[in-house]
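Dropping the structure in here first, questions after.
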Amino acid sequence: MTDTQHQHVELSYEPALPIPRGKLCLWLFLSTEIMFFAGLIGSYIVLRFGVPEGAWPTPKQVYLVEWIGAFNTFVLICSSVTVVLALEAAKQNQAGLAKRWFVLTFLLGSVFLGIKAYEYTQKFEHGIYPMRPRSKIYDKANPYYVSAVGSYVAGEIAKLQVETGRTELTGMDQERLEHLRAVQTGLVNWTAEEVALEENPYAQSSQLETFAYVISPLDPDNSQAHEFLVSQKSEVEKQKDGFILEQKAKDQRSQEINEELVELNEAYAALEAKAEAGEAALTAAESEAFAKLATQRTELYEELTAVDASRAKLTQEIETYTARADVLEATLSSHHGLNEAWHLGLPIMIPSGNTWANTYFLLTGFHAVHVFIGLLAFALVMPMKLIATHAHLVENLGLYWHFVDLVWIFLFPLLYLF
Amino acid sequence: MRYTGSLLLTLIVCVAGCTPPPEFRQNAVEVKKLELQTLGEEEQFAAGQLEDIGSFLTAAFGTPDEPDFPGLVEDDPEVNLVTQEHLVSAAGPVASLEDGEAQGLYREHCVHCHGISGDGSGPTSAFLNPYPRDFRLGKFKYKSTPLNVPPTQEDLRRILKNGIPNTAMPSFRRLPDEEIDALVDYVKYLTIRGRTERDLLSILAEDPDPALDFIASEEQFEAADEAIEAAVESGDEEPYPPLFGPNDVVDEVVFPQVDQWFEAVDSMTEVPQRPVELSPGHPDRDMWIARGKDLFFSTGACVQCHGKLALGDGQVDDYDDWTKDWMKTLGIDPAETERINEFVGLGAMPPRNLIPRNLRLGNYRGGSRPVDLYLRIKNGIEGTPMPAAAVSLTSDDIWSLVEYVRQLPNESLSQPAVQQPVNERAPR
Amino acid sequence: MSSPQNATASRWSIPGFLGHYVFSRDHKIIGTQFLFSTLIWGVAGGLLALAVRWQLAWPWSDMPIFGRLFEAEGGQISPEFYTMLFTMHATIMIFFVIIPMLAGAFGNWLIPLMIGADDMAFPTLNMLSYWIMWPAFILIGASFFTAGYGPSSGWTAYPPLSVLDAAAPGSGVAQTLWILGLTFVGISSMMGSVNYMTTIIQMRAPGMTMMRLPMTIWSMFITAILQAFALPVLTAGLFMQLSDRVFGTGFFLPEGLAANNGIQVAGGGQPLLWQHLFWFYSHPAVYIMILPAMGMVSDILACFSRKPLFGYKPMVYSICAIAGLGFIVWGHHMFISGMDPILGVSFMISTMLIALPSGVKTFNWLATLWRGNVQFTTPLLFSVGFLSMFIIGGLSGIFMAATPVDIYIHDTYFIVAHFHYVLFGGSILALLGAIYFWYPKMFGRMMSERLGKVHFFLTFILTNMVFYPMHILGAAGFPRRYADPYHFQAFADLLPINQVMTVSAILLGFTQIIFAANFVGSLFFGKKVGRNPWQANTLEWAAPSPPGHGNFDFQPVVCRGPYEYSCPDADVDFLPQAETPPA
Amino acid sequence: MNRVWSLLFLLVPILGTLLIVWAIFGAWPLAGLWLPENVNEYGGVIDHLFNLILWITGVIFIGTGAILALTMWPAKGGSRRAAYVHGNHTLEIIWAVIPAGILVFLSIYQLNAWAENKMDRPVEVVDGEERLVPPSVRVVARQFDWDFFYPGPDGKFDTVDDFMVTGEVHVPKNQPVVFQIESSDVLHSFFVPSLRVKQDIVPGMKQFVWFEANKAGRYEIACTELCGWGHYKMGAVLEVQEEEDYAVWLQETTAKCLAISQSFEE
């Protein structure tokens, strides 16, 4: 028996289900897909209910617009209808009509992806990424968050300063540099010091919350926080003014001392010259005056040093308070905090924001990949003549498309509404 | 079928063929460094010079399988820095399990990190942060002695027993004391061997024809050992009488180190009693801690490295001495990957920034007892940028700082979120 | 009845050698490709196992072969190398040997032949399912050669260890390659299983009702269902783990982990979530690794005891029950994982339930042998060996199912003993039996029975010498995945018994050379056979040996069940499912 | 020859049982290779269940093994016609129901042991009020060591008088002891073979284990969840002491660890 040469027999079978194999295979494939999304959605539910009580971000906090999502749902449902119409037309051998419905489905799918892309960029603009070095989200207003903002600002400043080495900074960059420096002194260092010096844990955490609020408020309409910032600002300014007054006084005093010193030094120098000239050149009175002058001079120098030191300290204080006032001013002037006012792209605090971003991009991302694969399949079938003999292709594609649609119908309420 | 036999034979040969016994590696990084630094761009050590050093080291210190120590007096721990018994049980291949007698302890517990030569480059080392200790530099971080003084026996024992928290160095508390002592001795042995190698290299680099006698013959060493033993038995005060002549390497290079190790215990830092105001519950405690906080930001200058929030984010671009030893000495910029890689190829560790401790985590490498923290502040940490407090701080200042630092991890903002346990329900 | 598509299923093919033997769409060639690939990987996996055993018997001594290949300090391997050894041993044995050999090699060979089809429903998809394994082969193979030698977080890849680079130093690239490799295995399995299901549902020969299918096909069918429904969940988890590693997300990372001196601030993830996702697949995977073996053993036992399979329908139902329950028992791997202990109770009850169908199967096999006319051929010996080993593996499972006992034996060598009895004593012995049984059908020649019996005798004895003492190690509390347990006082006494096991393991490895020689030698020198050398009933024996393109040279029409042996009405002691027309 | 095969299969249960019995009695060379002595009040049930299941499975093991060998014994190879039997529902129901009964019994029988070890934390009575025994030690597992935090004199964690001991933990005898276990990096598992205590430690999760040791001595703690390359190294010592010894130890260690002046002796 040389079996390889044997006659090929066309075998007949007894199928259990009255549907074509391709369709059965597709159904089976879709059921594996259902399990895949079940895994993803299950993980989402576990993670979402695993976060601390009440720490899940609201759609607003993560720039999620419900009606865009709803519109996208509508688009996808429409595309499901059109693909059915395409199938009906193809079954009736109306190739032209089928093609038109088919193209419309493709377009609707593309619109869905376009809107999705728009939604994504909206989030990327605010630093919401699922990728760690890019993502600017911090889950909690804690020292690590302050440290992160600090090192981000320091890095940005260093970058700009490297550029100053080469070329002149443009006006915009100059302004940015100033803003960054203001943030460094008036926000990061300010908060760090306040937290470090504070002992009460509640005061510490309220300092940190203010910090996060100033950068990007979770609830921009919180009038209480707003008022608090206003009052802090006026207090800061008041103190700043106080420091400026004090500095003026010190400046004046410094000037006075200097003037006095000039006179004194002259008198002193005269006496000194005389004293050096001969041994008994000074009378008793003169030597007493010389000694007195010497003490006076030392005292004045000492005072000058103290005054200058406090002047330097005051300059620093004024700088800090000005920076703080600037930061608060900018925060109060915009609805969405410092990040909106100065466009510095500082790290933001969203409670459980990372988990939200991770799950949101995971679920919608894998759905978008499925939509994209569907569109690819549409594109491959597009050049064919959509007549009854090809109807099974349209049908299988349609089934897949319905599945993708169905997944979105689960995802939309899960991600946008609850 | 007929190939099965030969296949079997090949396999058996593969299994039975034994690897050559391991050897100590030459300190190639140091050689390269000295060639570039002292000898000048083009020059190199003569092959004979390096060989001389190698054969001297082998004659004086033996091999990983058969270690030796110059001037070792049998069974007399009083006059010996390391004992033969300890060296034997720490060295050699792992064999403790078969005859009950401990052997090969270093290779069982240490070698995959610290390397066969104690150069801190065992196979696992590349992945660890911080890198395992390279003993050859002779620097130890966590000890009770001031900078540039070797640690005491007790210091090393403590590190072996407690491990170093937050590093890969585990606690070996479950080993019997005898085995721990053996390992401590072996660490000293590797350290002195490594230091000797470095010293000899620098002597050679400065003076290609030094007036030192490199003794290579093992018989001479044995004769010398016997002479020392005789001297000790006859009640000689000096445990290491000069035996090899006035210009001997052992006398000039090895014994001074041994003396340092012997004398370390005398220079241990005194830790004064903590002020009573700082004991928990004392009414003035908060005031004293506030003083510590103040020092943290002002005189102590801790804030410069550890950061305002004590997260260790003050400065983050410094290196430890093991890296600086070649990188800073030769003025290599960390960005020069090619030059860096050249040294990494010779056995140096890829440079990695030394990040100051995050004081909010509450784990301290050198031990978490108040007295440990006191010593870290007082003496600094050898081999790192952490400076000794020396004169700027009084002991009361240091104690206040210690207490301030100790309460940082307890602040509620230092604690991460933790899921509550499921079995914390009310009793039925 | 045949649907119009079947007729139009045009058969493209690449001409020449490449099309015939490499990119072939013939299920038999694909099955053979799977068989050879898995056998070669089996050698690799076995060597890894021997390396693990070597370290346990002579810790930190020079390791032969491996010590040479991956040079190590002072001739000894390093601990992370050891973690790589057992991780890769498990990964290779599970994903590259047992599953693809059962489903890929035997599934491909037997499904069309045993149901009377000329090929799979989708030959191209079938070919792809094999070639999609190659990226996985390459990725996982490549991970050996990355710095740090390979993935080292165990085959279970529990995060945070598998996610934090700092925590499992050295497995950086390797772990990513591992995840990608497993994703490809997943895609391949999905393609294969969808194809198998369609083929079994739609392409059975006339008269081959579902209740006339041989047990092999039933078990392959159920296995395909398990793969199709459980594996996507693991794939989802793998994607999440990949994203945690590559993109820095935190699905499985809680807040504030400080591994290897690094602090990772982003958190919000849950390590236990991975375990749920993983075991949701990997528990059914255990059945994927044993059900086809059970099916094949049923066929071999019936054939060589010349007796109908005892209780065909209960056997089918118990396979279905095992599969169904398999989806709700994954938590028994997690009794002490930190999961709510109340959940543990429910998983414990469902786990106890699963012992029922397994028990029914065991007793039915025994009853099949009872009063049979047992013929001691090599396949039968391996099948009885399977039965004997499966009893041990099954009984030791009861210890683990009892939650309080599991507190003690979880993650000790007791578990290792249990799953090696099921997977080596079970699946591998059954696979060896199956190779001896179907070899004549595959290659048209017999394997040497004499060598086969020697092979069985040594394998059976040595298997027990390697794995039986593991129960005792487990009872002594010896934890799994320890490179050197003997520095613990409590485990110091375990060294001699480990050395005995290692010597046995090495001998077991050498024993397989007999098999290899028999396998390769018989390809050229084996006795040529006709269609039905074993006088078996099932359909594949009606086809020529080896079957040509299209499998059957006649239209098989099935008129009875697969196990009509020793029917009193017949002259001979077997009645094939379809009568072969005279040649 | 065929009967040799039958005997080979019969050897499996015989030698298997012998080996286990040998190990249980701890005779040479298998001394010390069975369950270590249990010293935990809560662990007795686990041993009891283990032995119970060992008995049940042992009987089944020998029984099925014997039947297996017996089924093949009469075979002479091809000379005889096999019985033509397709099954027997009664028999099948019997061998489904009997194991089912045993398993249901086991499931129910072990519920209390499980609850006692994992669900119901021990209770103590303080000032006439019942409350859960508070954790006396916080165990923090890290790669690759065990840090044991004691609450110090004030009895509360996360205060300045906490102190830490690495690699060794002491507990009093005959007292319910609760450990709070945490991990600072990856998964670990807290396993004390002699106490029959094991619990995986999940980072980001706080958990409790409890036991009541009834024999003084040194016992080893091992990690049983793969935690990286040094997994095998991760051991520690648990020392059970008489109450008065424990009190002395605690006092001494507190003094040493919160030492306000030098004391370097270990």
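Note that the chains take the letters A, B, C and D in the order they are written out, and that residue 1 is the start of every chain.
The working rule: a residue touches a chain if its C-beta (ideal position, glycine included) is under 8 Å from a C-beta of that chain, and two chains touch if they have at least 3 such contacts.
Because the structure is a prediction, the values reported are computed rather than measured.
For chain pairs A-C and C-D, the one joined by more C-beta pairs in contact is C-D. Between the Cα centres of subunit A and subunit C there is a gap of 48 Å. Chain geometry summary: the mean Cα position of subunit C and that of subunit D are 30 Å apart. Separating the CA-averaged centres of subunit A and subunit B is a span of 44 Å.
Among the residues of subunit D, those in touch with two or more other chains are 118-119, 142-143, 184, 204-205, 207, 220, 229-230, 233, 235. Shared contact sites, meaning residues of subunit C that touch two or more other chains, fall at 78-80, 169-170, 254-256, 258, 260, 267, 270, 341, 484, 487-489.
Multi-chain contact residues of subunit A (touching two or more other chains): 50, 140, 144. Going by the touch rule set out above, the chain pairs that meet are A-B, A-C, B-C, B-D, C-D.
Contacts from subunit D toward subunit C in the complex involve residues 1-2, 5, 8-9, 12, 15-16, 19-20, 23, 29-36, 45-46, 49-50, 53-54, 56-57, 60-61, 64-65, 67-68, 71-72, 75, 77-89, 91-92, 95-96, 99-100, 103-104, 106-107, 110-111, 113-115, 117-119, 142-143, 184-187, 189, 191, 193-194, 196-205, 207, 219-220, 222-233, 235. Subunit D meets subunit B in the complex at residues 118-121, 123, 130-132, 142-147, 153-154, 158-161, 163-164, 166-168, 182, 184, 204-208, 220, 229-230, 233-237, 256-266.
Residue ranges of subunit C in contact with subunit D, taken from their complex: 78-80, 82-83, 152-154, 156, 158-161, 164, 167-170, 254-260, 267, 270-272, 305-308, 310-314, 336-338, 341-342, 344-345, 348-349, 352-353, 355-356, 359-360, 362-364, 366-367, 369-376, 381, 384-385, 387-388, 391-392, 395-396, 398-399, 402-405, 407-408, 410-412, 457, 460, 464, 468-469, 471-473, 475-477, 479-485, 487-490, 493-494, 496-497, 563, 565-568, 573. Only residues 59-62, 64-65, 67-68, 72-76, 78-81, 147-148, 166, 169-170, 254-256, 258, 260-263, 267, 340-341, 484, 486-489, 492, 495, 510, 513-514, 517, 521 of subunit C touch subunit B when the two sit together in their complex.
For subunit B in complex with subunit A, the residues that touch the partner chain are 286, 293, 297, 307-311, 313, 360, 411-414, 417, 419.
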